[in-house]
Structure formats: structure tokens, C-alpha cells
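Note that the chains are named A, B, C and D in the order they appear, and that numbering of residues resets to 1 at the start of each chain.
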């Protein structure tokens, strides 16, 4: 059966003025239609690059070295410009981090909605669906006259207006305050479920993930190190990095317990990493981890990239 | 109501600036050595003749009295009389203004449009060779002094009959063909500078806009490049382009002196410069005030346009 | 380099030569043509049909304080424009000879009496006949005015109408340059009847006896002149309309000649011929004039108070190189009396020309001014001044003198030299119009009468005596000796030091214009014979 | 100083080469004495005078070298003066705002609304033509533009958080301006400085064209070019020599300016596909 999204061993470098930076070092991820997957990882882990690659939105300085990425079975790399635009219009939707910045400051919201929607359906309905209570005023307003929450709702309405099959949301609520954050997420997931749209949620807000996404993938050093059902990954993480990540979440620890931070800093790769990227910071690392690239292994319903996963480390 | 307040403050500051210009030019002319009498009467005239002539134009009154008198009459539209031709300055400036305005419009409008288009093309084209070429070409355009480009053009178009004449200006109303034949060449000499200055600014502005998040949104929606340029890039890049357009217009309004000289066009700029060397006070003061007023007017128009284009800055806030 | 300097159009013997009593019509040309007519650079081809239009381009408009009043203007640019409308009693012919104009003939029974017989049938452009009263009234108005030209008329005792068409000038003492002075536009005959009745304001309108009348005038842009229907010479002016455009920029005037939008223009740049080389149908002619550049050393200032220092500077100047380099060899060194005028002195014989550089160094040593440094102030409107200054700078380096150059705009320069008191300059340079008689320009060497240089030049009674004698002598060898003594004396004083003549370069379209241009010009008017210009290929 | 891109670098190299050549010519008298008459007038380029002779018979090569030196020095001095004044005015107006800002902007507006060439001529007439008049004109012509740009930059910088935090932690005005505002505005000043340099050379050229520029016998590129334009038809080498040098000098200055500015905030293009 064709996957909604099928990322196979994707390697992407950024070519800067004086050096190369490897953003994805062989990332693999699959999504079924209508599935909601959270892609979690610190900044620099490559999750934004993966999110952008899903719509072939990488900047010109990006160099897709190897691997493939396909939406509904269609590999994006070789598509003509016209075709990729059609895929974006019909199958993909994107919501970005800066709600007001993502809207053209010189154009009223109504006109931007028309641009996004084409002539399908009425804009009032779309705005009401995302629970904006005064659509008329919003349509006449300019982006800087809206609050962050309202602007993000407009962004969501735009993204979903073309009934996409896959919605990529790159940290949609990072810029919003916490109370608004939950409402916005509820709206997105409700509308997506209603339309059977799969959601790829890029975030580092684990609490939001646990309640809404059926599946979760953890990224580190440009690779997906653990991928599986959210509840199991959070409750019994198999990969040492996932475990450390879980322990550092304020919500998960008992009162009075000290939060543990992970020593060291996330790696900045300039070429293919010899072994496991987390080896330098992993308590269970051994020689094999440092000079042999781990391969994905299936362990009770989850895929993990760790040589010693069988030994039940973490 | 807000529009009224906004324009009222603008008008007030414009008036203040004009007053400043009038004080500066009035003072500068009075401080300048070599009074009018010396020049016009020539060396052979006796001191008494000079004194009598100076007195006859009220040039001996205290400077503040002269200034007050001049400002007062200026408001009434009477800018005094030229010391050389004794004709009212307002009339002469009136007949010369169309030349400068036509020269400005014929070089600014096409210049800015072509420059903006080039700027967008250079910014959007991804080929490094194209961009490097564009950058050098626009830098070259700004580096060519008008008197070099003008000098060469004057020679070529007079030596070989290429349809355009050097000089021979007649008002457009009278004979459009001859008028255009006389104006196209000087206008294009000035346009070289206008096109390159606009292209450089547009290139920077467009590059800035391209990196804005709302462009990524538009791309992610599958909008075609030209639709993105038309709907988003043009409007957002318009502001810096408008600013350079107003600076260039200012330069053309008073500064195209050299081209007016080279092509023998009876414009305001050359008239004022000639008046400076002849210490023809009334003409210089009126000419400079006119050029300053036109510049301030263009700036206000640009501010208004900017306000309309970018709601964040503008009137409709 | 093919020299296309001199042009010899189809020529005809023009003027009947005669003795003191001259008769005949100027501009009347016989059909036959000879390769070149002495005294002419170009002669009109009379086979061309009359009528049509001529377009000239000049560098400057009339900018006189007294508007259009011909008696008051002091600049050649104004004289030329007014010469199309106003006419004096006599005019200047080739080689500076005096020719009849409004006066048909004149007699000089004794050196202090001049009897002019007025030409019959002359009227002003409003149709009113010119009378002897107009002539007498004009002369009285001129002598009473503050015009600098009043002095040039010399010691006039009386101007009387002695017969219906006859006016007699009585002088207090002999004054040879009178005829030359009467030939200038300042002395042209005005409509005194209308002026006395105040029905015309000569500063604002023009009413003359000349070949043209003013059509329109836009200051600093252009003049248009129309044929004067009431002109006394029925065959002139040949063309119907004359347009004079004001174009200060030389490059633009060159362009107008290249594309034919103008038919004739005068230039100051010595390389005008080179700049127009290869352009079809354009001829360039060098018109020698009696004007010359001169250096002014402020003898009442500190630096040049000592005559020896001034003489040293004078000796070090190389007039031949100045004439050669600054004007491409087309001008000649000159003394006080302009080179080329009758009886002019020989600049090679003046004291400074024969003393060597060693003498100059010795003089400096004597005066204790070995490494003298001074600043020359001149102005930008005449580009040749800057070039001459740079040559003088190198000449002076030969005797260890350092000269700095300050090129000012004309207003600032005039103010520092003529208005500021004490005058704010050590040395300055400009040029004189040489007029038509050696005794006229030499008057400027007497500060008591010329006034403009009173503040920077000493009065030398001996020189003043020579100046008066020069004016009184009749033309001939006696006057030549006086002129030479005058030149030598002025050269010794070394306060106003003549350098080299200032020729004019005239370019015209030989395919559309057939002009009459004389080889010499005393009043800077290349269009003196405008009424005979013919338009070709209409 | 991150690496300038190719074009800007070549602009910098050309400028340095030009300066070195001019200094060497000045010191060693290479190429001959600019003021000595060496040959016939308007002679074409030949072995003794590589760029031909001018209307007085002087070799054009040393005059071009001297002229380049004068023009560059003149503009550099003027631009330095402008930079200091404009930065002071701009930063104060931008940061302080209020009355000071209003006064500064009004004065700048007055100068800005004066047609540049007329302002330059007035200065030349007031200060008598020469080096000081040329420098004064360039300063007055370039100050308005630069003050406005610096003020805009200072305005944006002063709204940044790190400036507010500096103020909160009790930094007094000089420290805030010196430590926080100036360094961030320096980049803009450098870029505007290069543009002002090219405007300066053009203004000096315009003044010389109208005869009010550098005084003879000293030459500047403007003087040489205006004489070259007169003799364009007969002796084109008189215009070619200084013309090429002037255009290349200004071109490299402008290109260097672009490079500097791209250094500040690199704006590579991006695809819209």
C-alpha cells in the first residue's frame, strides 16, 4: 500500500560560503494516510530540514546527496516545477512557526485567503471552521492587527483550505503563549481528523505530543533514532537519547526530583558520521558505537538505531 | 481625521524646511564676494555708478529688511525681478519649469520602471553569472558622470544624423516632433544614472523580501513564481524603490544642470547656476526655493504612497 | 594634418579704394571673383538669391545694467547684438580702415575740426528721417553720460549742426582716434526726437537706423530680428530674419555647427579648427583682433612695490611661447599699442624683450627678492587665461620665482580686483579690447583718466604725456616713434604688461551660409557685415 | 572580516593597486613631471608620452596619476569628515529622538532639498575654488544622505533587546552609544562611506566641468575629463585616459560597497520554484 509519506535514508547538506553542514545523515520515516506523527528533537537535529524536504521547500544552498522522499508514492526529487507546485496545492499544507510573519504584511487577510484558496468555497466558512469569532473583521484586517493565536488560526485555515492529504506543522505553537497553544492544537487536530489529513507535527513540546499524536519519532544528529507508538516511546524509551529526553521534560518528573540535563552539546556534522551521533554523550557507548553506523532494528513494534538496544540499555 | 493630522504635521515640517532653505540661500548669496553691480557694470564703471545701481535694487538695506521683504513678496507669488533682464523672475521660471519637468519626467519615469524591472530580474535570476553581470552593470551605470556620457552623445548625435538633435528645444505644444527630437537624448543620458540607481536599490529590496517567511508560505502553497512576484514581492519591495525614486527625482529637478548646459536646454538648473555667477540674487533665491519645494513635494507624495502600500507605517494605522 | 584654416570663397573686388574722402556703398560686390580678397576671410557669393533666414549662436546675452541703451554697454557681446539695430556715423573696414556709414563723407580742414556730411535718405525704423539734430543730440547725450566711452571721444569742444545734412566736431586739441571712437556702437546715432519727447525708453526698446529690427527677445535664450523695411540701403539686409541663440557651452555650439542647426558661431578655443576637422561643409577662419591679454602687477601692494621686482617678472615672461602654446600659434606678442594696428610699436624692441634672464635674476637679487612667491588671480569664463597662467608659471620658474594660480569665478575676481579697497590681489590677468587705433587702448595706462586701475597703479607723468602726445600725433612715422616710446615706458614701469593678441575663431556652414568676414576686427564683432550675409541652398 | 565575494575583492584589489601606483608616481616621479611642457600640443600617444599630450603639450600620463591621487585623496578626506559628522548626528538623532531628532532632521532636510550641484557651486563661490572648496562641497552634499541612513540604522538598533537590557542595567548614554549602538551602526557607515566616496568624486568632477574645481596647474580626474570632453573629437586619448581610470575607480568603490553590505547581511537569492 502506498505510504502517505515515505522518507528513505535521506542525506541533505547545506553548502555555505566557507563550509558544508550535514543536516540529514540518512533519515528514514514513513506515514500512513490520516496518521498523525510527531517529529521530536532539539534544534539542529534536522527536523525542520525533514519537514521542508517533505514539500521540496529547501533553500538553494541545500544539496540532496542521496536517499529519497515520496508523497503518496511519488518521489519529489525528480518532479518538474509545475508538478511539484501542483502537489503542494493539492496534497500538501504547511503551517509555520511565526504566525504573523507567515502572512504578507501589505495585504488584507481576506485577499490572502483568496490567493490560498483559489475560488473554492467561501472564506467566511473557512475562518469559522478554525473558530475565529468575527470573520468579517478578520478578513478586512492586516496581519499586524491580529493576535498571534488568531494569525495562526488563519494560517491553519489557509493550509487546510485545499483539503491537503498531509499537513506539515513546523512548531506551530512555539510563538504562542501556553493557554492559546492548546486551543490552536485542538483546532488543527480536530479539523485534520475530520478531513482525514495526516499531520506531521515538528515540535519539542513533548506534553502536546503525548495527548494528540498516535506515533512519535525522535531525531538526533540528522537521523530518526527511535520511532514508535507515542505512549510506549515516552513510558519505556529504548534509545538512550530518548530516555534522556523523556527525563528532562518538566511535566514527567515527580515533584521535588531534579531535572537531568544531557551533558555536552548536539553535534554539528560536516560529513557522514562514522558511528552513532549520540555516542559522545551516551552513558552506554562502546567502541562499536563510535566507529560503526547503527542500523535500524525492530524491537517490540518500534524502530531504534542503537547497537545495544537488544541488551535493554537506557 | 487621522489623515488630516498626518498631513498637517508633514506640511508644517515641509514649511519649516523651506524656510530653512530660504534662509540658507539668502544668506549664502549675500555672503558671496562680488556684488551684482561689479559684474554687470564691468570693470570700467566708476564706484559712484556701482553705488547708485546697488542702491536702486535696495541691496544696501539691512539684510534682515531685505529678507523680510523678499519672503513677504514671495508668498504673494512675486519673486522679485532679475537684476540682469529686469523681467519678473516668476515669469522666467514659469517658462523654464516645463523644460526641467519634462526632462525629469522623461528620464525618471522610464528610468525607474526599467531599473525596477532589471532589479527584480537580477535578484530573482539564480544564475551566479547573471547576478554578477547585473551587479557590475548597475554599478557601472552609477559611475558614469553625465558630462562624459553627455559629451560623447553630443558629439555622436551632432556628427552623424541619427534623428535626435542637440539643443533646438521647442515647447511640446508647439511642435511635438522637434520637442521630442531635442529632449530624448538628454533624457536618456540622465536615464543611465536613474536606471542603475533604481536597479541597485530594487535588487537589494527584492533580495530582502525573498527571505521573508511569507514568501515561504506562498511557495509552500504552490503559487507560481510570477504570481509570487506580482502579489507579494512587488508590493513589499516597492517602498525602498519609491525612496530611491524620490531621491533621483530630487537630483534631476535641480541637479541636471550639466545636461541642461550640454544640450542647451532653457531649464531651471542652468538658469540658476548662471544667475549665481552673475550674482542675480532674485533668480537664485527663487530657483533654489522652487527646486526645494518640488523636492519636498515629491517626498511627501512618496511618504503618502509608502503609507498606502505598507499599512504598518502608514496613515491607515 | 590638412590645414583647413583659411578659406577662399568666390571673391570680388569689393570696395572702391579712395583717399581721405571716401565714397561708395559698403557691401556692394562686383560679379567677378578672385581667389582671395585682401583683408577678407570670406566673401559672400552674390549670385545666391536674397531672402531666407540666418541662425547665429553666441556665447553670452546682453547683460548691461542699463538694459538696451547702446551708449552705456561696455561688453562686446552687447555691442554685437546692438550692431544689428543701431549704426554709428562711420564703421571699420578691412585692416582697421575707417569707412563711411551714416556719414557719407567727411573732411578734416585742420587737425581739430571734422565736418561730416550725412548720408541722404537715412531714417529710423519707425520711418522718421534721421536729421543732423539727432546726431548732435546723440553726441551731447553721450558726452554728458557716465559711459566709459565718453572719455574715448577725446577732448571734444563742440558738436554743431553746420548745415542741413552736416555736423561739425570741434576739438580742444588734435585727437587722431576720434574717427575710431565714432566707429563703435557706443557712438551710434539715437532717435533723439523720440527720446526727448519720452515716447521711447531706450533701456527697454530699440529704435535705430540699422538693417534689422528686434522681433522677440528671451533673456539668455534667444533673439529674433526682422528685416528693417525702412533701411536706407534698399538691397540690404539680404536675409529676411536673423535668429541669434545664446549658447554659453562651446561643445554645444560645436555640435550645432556639425548638425547644421546653427550657421555661424565664434569660439575662444584655439583648437576649434581641429575640433571641427572632418566635418563636411564647415569652414573655420581665424580672425585676428586688436584685443590682447595683459598681466597686472599691483604696484601699490607690498609684493610688487619695487619696480625692479616687476621688471624681473616682465623679463622672465616669454611672450612668443605664450602666443605659440596658449593659442596654437595664431596670436602674436604685442606691446601697449595692439599688434597689427597702424603705427603699432614693436614688442621685440621693448626693454624687457632685450634684457636676458641673468638681468632678471640680478634685479631680484638687488631688490632682495630671490625666491619671490606670489599668487596670480584670474577667472574661468575665458579658458585661455588659465592656460596662459600655467605657461607664465613655468617661465617664472626659470628665474626661481614661484607663482601660484587662483582661478576664480568672474564675480569674485572682479570684486577682489576692482571693488575691494585696498585691492585684494598681487597679480591678476584679464584682456583689453584693442579698438581700432593704437592711441585708444593706451589711454587705460593713465589711471587718473581711466579710474578703474587708480587703486593699483602709480601715476607716471612722463607716461601720461606720451599717452596724450600719441592721441594728438597724426598717423605716420612720428606717431610710430611716440607709440614705441610709450610701449617702452609702460614696459619699464611693468605695472600693466601686455602679453599676446586674443584672436577669434569663426566657424560657419559653407553649404547654407555665404558670409562676409573681415580678416581683422577691432570691436570684437565677427558679424559686422551681417547685412550682406546670404543664405544658400534654400 | 569574513571573506568578500569575488567581485568585491577584485574591486578592493584594483583600488589598492591604483593607490600604490599613484603614491609611487608621486614619490619617484615615475611617468614624468605632470606640469612640464614636454612636447607638441595634442600629440597622439607615443613612446615619450604613453597617453599623448594635452592642450598645452604636457604628458597626460603623469597628470592622470596626479589627478587620480588628488581626486581620491580629496574624496577620502571629505568622506571621513562626513562619516564622523553624519554618524554623530545620525546616532544621536536616531537614539535620542524627540527635540534633538527633530532639529537634526530639519537641518538635514534643508541640505538634502538643496540641489547638489548648486550647493557645491555656492560653496565654491563662498570659499573660493580649490581643494578646500571641493572638500567642503562634497561634505555638504554627502552629509544629508549619510545622516539619514545612519539615523535609520541607529533607530532599528536602539529598539533591539540588548540595548534595552544595557539601559536597564544602568549604562549611561556614552557607554550605550559607544558599546552597543556604534559597533552595530559601523557596518552601515562603512557601506555608505563607499557610496559617498563615489558621489564625492562625481561632485568634484561636476565642479571641475563648470570650472570651479581644483586649481591649475594641479589636476583632478574631473579637470582632466572636462578638458578631455572638449577635445573628444580630435584627441580622444585625452578623455580615454582619465575617463577609464575614473569609471574603474568608482566602479570598484561601488562594487566594494556592495560586497561590504552583503557581508553585513548576506542576501543570497532563493528559488521561487
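The definition used in the following text is that a residue touches a chain if its C-beta (ideal position, glycine included) is under 8 Å from a C-beta of that chain, and two chains touch if they have at least 3 such contacts.
If you want to know which protein each chain is, UniProt gives these names: A = ABC transporter domain-containing protein; C = Solute-binding protein family 5 domain-containing protein; D = ABC transporter permease.
The structure displayed is predicted, hence computed values, not measured ones.
A.B. asks: Using the stated contact rule, I'd like to know whether A-B or B-C comes out ahead in C-beta pair count.
C.D. replies: B-C
A.B. asks: Going by C-alpha centroids, which chain is farthest from chain C? Tell me that one.
C.D. replies: Using the mean of the C-alpha atoms as each chain's centre, the farthest one from chain C is A.
A.B. asks: By Cα centroids, which chain is closest to the centre of the whole protein?
C.D. replies: Ranked by how close its C-alpha centre lies to the overall one, first comes B.
A.B. asks: If you average the CA atoms of chain A and of chain B, how many Å lie between those two points?
C.D. replies: Computed value for the inter-centroid distance: 54 Å.
A.B. asks: Just curious, how far off is chain C from chain A if you go by their C-alpha centres, in Å?
C.D. replies: The mean C-alpha positions of chain A and chain C differ by 93 Å.
A.B. asks: How many angstrom between the C-alpha centroids of chain C and chain B?
C.D. replies: Computed from C-alpha means, the inter-chain centre distance equals 41 Å.
A.B. asks: Identify all positions of chain B at which a residue touches two or more other chains, and write them in rising order.
C.D. replies: In chain B, 32-33, 126, 151, 155, 159, 219, 261, 277 touch at least two other chains.
A.B. asks: Please set out, as single numbers or ranges, the residues of chain A touching at least two other chains.
C.D. replies: In chain A, 60, 84-85 touch at least two other chains.
A.B. asks: Can you list the residues of chain D (ABC transporter permease) that touch 2 or more other chains?
C.D. replies: Expected reply: 125, 229, 233, 268-271, 273.
A.B. asks: Hey, which residues of chain B end up touching chain C in the complex?
C.D. replies: Per the touch definition, chain B meets chain C at residues 32-35, 37-46, 48-50, 53, 82, 84-87, 92, 95, 151, 154-155, 157-159, 161, 165-168, 261-264, 266, 271, 274, 277-279.
A.B. asks: Quick check on the complex: what are the chain C residues that touch chain D (ABC transporter permease)?
C.D. replies: 250-251, 254, 269, 271, 274-278, 325-326, 328, 380-381, 383, 386-387, 389-391, 393-394, 405-409, 411-412
A.B. asks: Mind listing the chain B positions that touch chain D (ABC transporter permease) in their complex?
C.D. replies: 13, 16-18, 20-21, 24-25, 28, 31-33, 123-126, 131-132, 135-136, 139-140, 142-148, 151-152, 155, 159, 200, 204, 207-208, 210-211, 215, 219, 225, 228-229, 247, 250-251, 253-255, 257-258, 261, 269, 272-273, 276-277, 287-288, 291-292, 295-296
A.B. asks: Taking the touch rule as given, give the residues of chain B at its contact with chain A in the complex, in rising order.
C.D. replies: Touch list, chain B to chain A: 126, 212-214, 216-224, 227, 231-232, 235-236, 309-312.
A.B. asks: Where on chain A does chain B make contact in their complex?
C.D. replies: Of all residues in chain A, those touching chain B are 55, 57, 60, 84-90, 92-94, 96, 98, 101-107, 115-116, 142, 144, 155, 158.
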